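Same chain, two partners: chain A is paired with chain B first, then with chain C.
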Partner chain A sequence: MRFTLAWASLRRHGTRTLLAILGVAVAAAMLLDMVMMSTGMRESFRELLLSRGYQLRLAPKGTLPFDTDATMESASRITATLRTNPSIVTVSAVLGGTIHVPTGNRVVTSAALGVDPAVQGDYELLSGRDPVGSNSIAANDEFLAATGATTGDTLDVATGYDPQLRTYAGSMRLVLTGRVRFLYGAANQLATVMRLETLQKMGGADRTDDASLFMIRVRTDAEVEAARAWVELNIPDVSAISTATALAEVDKRLRYFRQLAVILGTVSLFVGFLLVTTLVTVSVNERIGEIAVMRALGVSKKHVVQQIVIEGVAISLAGAIGGLALGLVTAKYLNGILSSFPGLPSAIDFFLFQPKSAWTALGLLTISGIAAGVYPSFRAASLPIATTLREDAIA
Partner chain B sequence: MIVLLFTALGLVQQPAPRTIAIDERLAADAGISIGDRVIVSTRPNAKGGDTVVVSGIVKRGADPSEIARSEYKIRMHLDQLQSLAGYGDRVDRFAVATRDKAATESALAAINAAAFGFEAHRSRDIAVGTSKTFQVVSRFHKAIGLITIVASAIFLLCVMLLKVEERRRDVAALRLMGISRTTVVKAVVAEAALLALVGSALGIGIGWAASQFINWYYQGVYRTPLHFSVITADIVTLAVTLSLVLGIGAGLLASLRLVRTPPLALFGR
Partner chain C sequence: MTLAREKAVFSWAGYDDEAPPPVVEARDLARDYPFGAERVHALRGVTFAITEGEYIAIAGPSGCGKSTLLNLIGVIDHPTRGEVCIRGQNVGGMRDREATAFRLRNIGFVFQRFYLMPTLSARENVELPMAEAGIARVERAARARELLSYVGLEARERHRPAQLSGGEQQRVAIARALANRPAILLADEPTGELDAKTGAEIIGLFGRLNADGTTVIVVTHDEDLASSAHRKIHMRDGVIVPG
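Up next, the complex of A and B:
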C-alpha cells in the first residue's frame, strides 16, 4: 500500500521526478568517481609495486627510486651483503640512464635500464626475446615508433657526447631483441632495457659498479619490516623502502587528489540530498490536503512518514543506479586525463573500480534519501487534521 | 705571544671557507642560519666533503614542477660544485640573455645549427614543459567543471520547475484576469534571471573565500608562494553568463509549460 501510494505520487509529476532522478544520477556519478579516486590510486599503486613480488626497494640515501640521478656505488658489494640475509630470496639490481641513438639526421634520446633479465621486475616481454646477451637491447613501442627500428635491427647506441671532439661517448652497437612494456614507465616515455653490465660499461669508469635501485624479494614467511631494518643497519648508505613506505610517500604527493575527492564527494552528496529534499518538500506541500484526508480516514502517522520516506529513497536509488553507470564512464574519461601525470607510472589507475566503492556510494545516497524524506514527512504527519482540511478547502 | 702568532699565521694561511645559499625550507627544517658552517658532500655518509659557510637564505620560486617534490636546494659556486661532484668542466645548462625576440630566434638557430650533444630552447618552451603537472591538473579541473555545470543545470531546471509549478494558481488567476501569456512568461523569466544573478553574486563571494582558503592551505602544505587558485575577470564573466543562460533557459522552459495549460486546469477544475 505504502509503495503503491509512493509510486502514484512520483508518477503524478513525471517530468519533475525524471529531472530529480537525472540530477541525483549526476551527483551519484560524481560521488562514485570521488569514492573511487580516494581509495583507488593507493590500491592501484600497491598492486603495481607488488605485481612482481618484490616487497623491498633500495635507493640512494634520502631519495626514492629514480627520483634523482643519484646512484649507489659498489653494487656488487651491496648485492653480496644482501645475499647473506637468509630471509632475502632474490636481489635485482637496476641502473638507470639515458641513451642516444642516431637515426639519419637526428638523434633519439631515450631512458635506459640496466637489469639482470633473469630476475628483473621492471618490464614484461611482448614479443621477441629478453636482452640476455651483452650486446642486446629491448625497447618499448614508443622507442620503436620514434626510431623506426624493428626486432633484429642493429642500433648504434651512446650514453653521452663529447662536444669538443664532436663524438659520442660510451658507444656500443646493440641488437634489438625484443619489444617490451615497462611496468613503471610514464605515459609516452621512450624506454629501453639491456643487461646491467652493458649499461655500466657504456657509462664509463664512473659507473662500472653503480646501481640506481635494488629490488628485493623477501621469503613469504619472513617479516618485510625486519628485513628492511636489517638492510638499513648493514648498508647505511642506502634507503630501504618497503611497500608501506612507498605508499606513504605516494599518499603525501597525491594528497591534493584525495582532498579534492573528499570535498567534491561531500558536495555531490549534499547536492543530491538538497535536490531530493526540495522535491519531496514541495511535493508534500502540494499534497497537504490529501495527507490530512488520509489521516482523517484513520491512516497512521507512521504510514504517512513511511510513504514519504519511500518517495525520497526511490528517487535516490533510481538516480544512484543510473549514476553508477554514468560514474564508470566519467571515471574512464578522467582516468585518461590523469594517466599522463608527470613522474607517475601510466599503469596507475586513479579511478580503480572496487565493489566496495559502489556499495559505499549507494549506501551514502540511500542514507541521504532517507534523511531527505524525514523532515517533510514528519511535518506533514504532525499537521492538525481539522485545521489543515479547513484551510485546504478555503484555498 | 708565540702561540698567538702561530694562530694568526694559521688564520692567514688557511683559505676562508666558500659560501653557499640555502633555501628557506632547508633553513627552517635543519635549523640552519646565516653564518653557520656546514659540510657538503655529494654522497651520504661520505668522509671528507667541503666545509662551507651559509651566506644567504633564498626564497623559493613559484615553480609548478617542484610542487610535489619535497626537495631542498642549495646554491654553490659553479667551480666548487664541479670539483665536489667530480664533474670536471661540465655544466648542465647555460642561460643566455638576448636583446630582443629577433635576437632570441637568431641565437636559437645559430646555436642549434652548430650544436653537438646539446640543444637550445626558448625559456617560454621550457616553462611550458616543466608545468606539465599543472596542465594535467588543469585539464582534470576542466572535466570536473563540465560535470558540475551539467549537475547545476539539472538542479536549476528542477528548482525553477518546482517554483513555477508552486504558483499554478497565481498564474491561473493572472491568465483569467486577462494578463497575456507573453507577460506571464516574461515575469517568470525576469524572476529566474534575478535569481540567477543573486545566486551568481553569492557564488562569486563563496568562490573568492574558497580561493583565499585554498591558496592559504596549499601554500602552507607545499611551502611555496605559488597561487593555486586565481579568480580572474574571465572566470567571473563565464560563471555569471553560464548562470544567467541556465537560469533564463530553465525559467523559460518551466513558464512555457505552465502557460500552455488552460487556466481552469491550473486551478484543478
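Up next, the complex of A and C:
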C-alpha cells in the first residue's frame, strides 16, 4: 500500500515529478562526471604506465622521464650493469630527439624516438613493419599528414639544426617502413621512431651512446621496489622511478583537477538534494490533511514517513539512472576537449568509467533522496491530528 | 463523590447495573485549548457511558464542544483532565504509537468532508486500514468488495473519489471506517456536506449498520439524523445538559 500510495502521488503531479527527475538527472550527470574525473585520471595513468608491463623507469638523476632534454651518457654501460641483476628481465633504452624533414619548399619538424624495436614499449604498429633496419623510420599519422609521405618512401632526415648557421649536425636517408601510434604522445604531436643506434649516430659524436630513458621489466611486481633500490645504489647517475612513484608525481600534478572535481561534485549533489527536498516538502505540505486522515485511521508515523521517503528515493533513483546516461555522454564530450590538454599523453582519459563511480554516484543520490524525505514527512506525521484536521477543514 | 451519587449520575447517563459493560466510558472529561495567555474551555468535565450496540447522537449549538468530545473518544486528541475508557482501556494517556494501533483496531472515523485518498480507487481506500493492519492482499480485496456492496457501491470499486458523488464518497468512507471491524463508529456531521435526499440515504445506512451490531456515535446538527439515534446527548458550553 505504501508503494501504491507513493506511486499514485508521484503520478498525480506527473509534470512536476518529471521536471524534478530531469533536474536530478542533470545534477547526477555532473556528480558522476566529477566522480569519474577524480578517480579516472590516476587510474588511466596507471594503466598507461603499465600497458607494456614495464614497472620501472630510469631517467637522468633528479628528472622525470622526458621532463627535460637531459640524457644519460654511456647507455651501453648502464644496460650491461642492469643485465647483471637477475630480477630484471627486459631493458629497453630510449633516446628522444628532434628531426627535420625537408618536404617540398619547407621543413617539417618532428619528435623522434630511438628504440630497440624488439623490446620497445612506446608505440603500437598500425600498418607496415617495425623500423628494424638501421635505415628505417616509422611515423605517426600526424607526421604522415604533414609530410605527405607514405610507407616505402625515402626521406631526408636531419638533426641538430643550428638556427644561426642554418645547418644540420647530421643527416641521413631513411626508408619509411610503417605507420605507428605512440602510447605517450600528446594530441596533434608529430612523432617518428627509428633504431636507437640510428638516432644516436645522427646526433653526432657526443651522442653516440646517449639514452633519455630506460624502461625496465622486473620478473614479479614484488621485486620492483628491491630492483629500484638496487639500481639507485649501483648506477648513481640515474633516478629510478617505479609506477607508484610516478603515480604519486602524477597525483601531485593533477591535484587541482581533483579538487575541482570534489567541489563541483559536492555542489551538484547538494543541488540534487535541495531539488528533491523542495519537491517533497511542497508535496507534503499540500497533503497535510490527507496525512492527518491517514494517522486518524490508524496508519503509523513510520509508514507515513516510509511512503514519503519512497517518493523521494524514486525521484532520486530515476534521476540518477537518467543522469548516468547523460553523464557518460557528457564525459565523452569533455574527455575529447581535455585530451588535447598540452603536454599530456592523449591516451589519458580524464573521465574513466568505473562501475564503482556509478555506484558511488547512485549511492550518494539515494542517501540524499532518503534524507530529503525524512524530515518533512516526519514533521507532517507528528502534527497533532485533531488540530490539523480542523485547520485543514477551514483551509 | 459518594458511590450512590456516582451511580445516580451514571444511571442518568445511561449506565445501570443490569446493562452490559460500557464500550465507552468518560469521567469528568475536560479539554482546554491555550489561546494566548488565556485558555478556552472547550469541554468542562463530562461524564457518561455508552453501551455496546448503542446508537448515540451528540447534539448542541455550534462551539459547545461536540467535535472536541468526539476527538477524545476517537483517540486523536488528549484530555486536559479526566479520563476516557474504551472497552475498559484508558485511552486518554496513550502515547502516539499505542494510540495509533488502538485507533486502527477499535475506532472507525467518518468525517464531514469524506477525506478519501484522492489518488486511490474506492476499493483501495477501503483496503487502506486493512493493509495497515497487515491483512493479506486477497483477503482485504474480498472484504473491501463485501463492504462496498454493503454500502451499495459494488459497481464503483474502481472509481476514484473525484468520479463519485458526495453521497457515494461518504458511503465509501463509511465502508473504510468499518474495514477493521471497529468497536465504535464515530461520525462528525456526516451529512453536513450532503443535500437532504442524499443525507437521508446516509442516515438510513447508519441505522442499518447499527441494527447489524455496530456501536455508532454521531455528532450532528441534523434533526433527522439525531432523531434516528436511540439516545441523544445534549451539550451546551462544554457540558452535558439534560435533553
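FYI, the second predicted complex is superposed on the first by the 387 of 395 C-alpha atoms of A that agree within 3 Å, B and C clash if a C-alpha of one lies under 4 Å from a C-alpha of the other, contacts with A are read in each partner's own complex, and residues count from 1 in each chain.
Here is the rule we go by: a contact is a pair of C-beta atoms (placed from the backbone, for glycine too) under 8 Å apart; a residue touches a chain by one contact, two chains touch by 3 or more.
Just so we're clear, the structure is a prediction, and the values are computed from it rather than from any experiment.
Clash-free side-by-side placement of chain B and chain C is the outcome of superposition onto chain A.
Touch criterion met: A:Pro384 reaches chain C, while chain B stays clear of it.
Seen from the C-alpha centre of chain A, the directions to the centres of chain B and chain C diverge by 90°, a value given as a multiple of 10 for the model superposed on chain A.
Of the two partner chains, chain C is the only one touched by A:Lys301; chain B is not. Once the two complexes are laid over each other on the shared chain, residue contacts for A:Tyr256 go to chain B alone; chain C is not touched.
For chain A, the partner touching the most residues, choosing from chain B and chain C, is B.
In the superposed model, A:Pro355 makes contact with neither chain B nor chain C.
In the superposition on chain A, contact of A:Gly104 is made with neither chain B nor chain C. In the superposition on chain A, A:Arg11 makes contact with chain C only, while chain B stays out of contact range. Contacts of A:Pro86 after superposition: neither chain B nor chain C is touched. Distance between chain B and chain C in the overlay is 11 Å (nearest C-alpha pair, rounded to whole angstrom). The contact surfaces that chain B and chain C form on chain A in the two complexes do not overlap at any residue.
Chain C meets chain A in the complex at residues 67-68, 71, 74, 76-77, 96-97, 100-105, 107, 109, 111-113, 115, 117-120, 124, 127-129, 131-133, 176, 180.
Taken together, the chain A residues at the contact with chain C in this complex read 1, 4-5, 8-9, 11-12, 289-290, 293-301, 303, 384-387, 389-390, 393.
Chain A makes touch with chain B in their complex at residues 13, 15-16, 19-20, 22-23, 26-27, 29-30, 60-62, 67, 73, 160-163, 166, 206, 236-237, 252-256, 264, 268, 271, 274-275, 278-279, 282, 285-286, 330, 333-334, 337-338, 340-343. Of all residues in chain B, those touching chain A in their complex are 43-45, 65, 68-70, 86, 115-118, 132-133, 136-137, 139-140, 143-144, 147-148, 150-151, 154-155, 157-159, 161-162, 165-166, 218, 221, 257.
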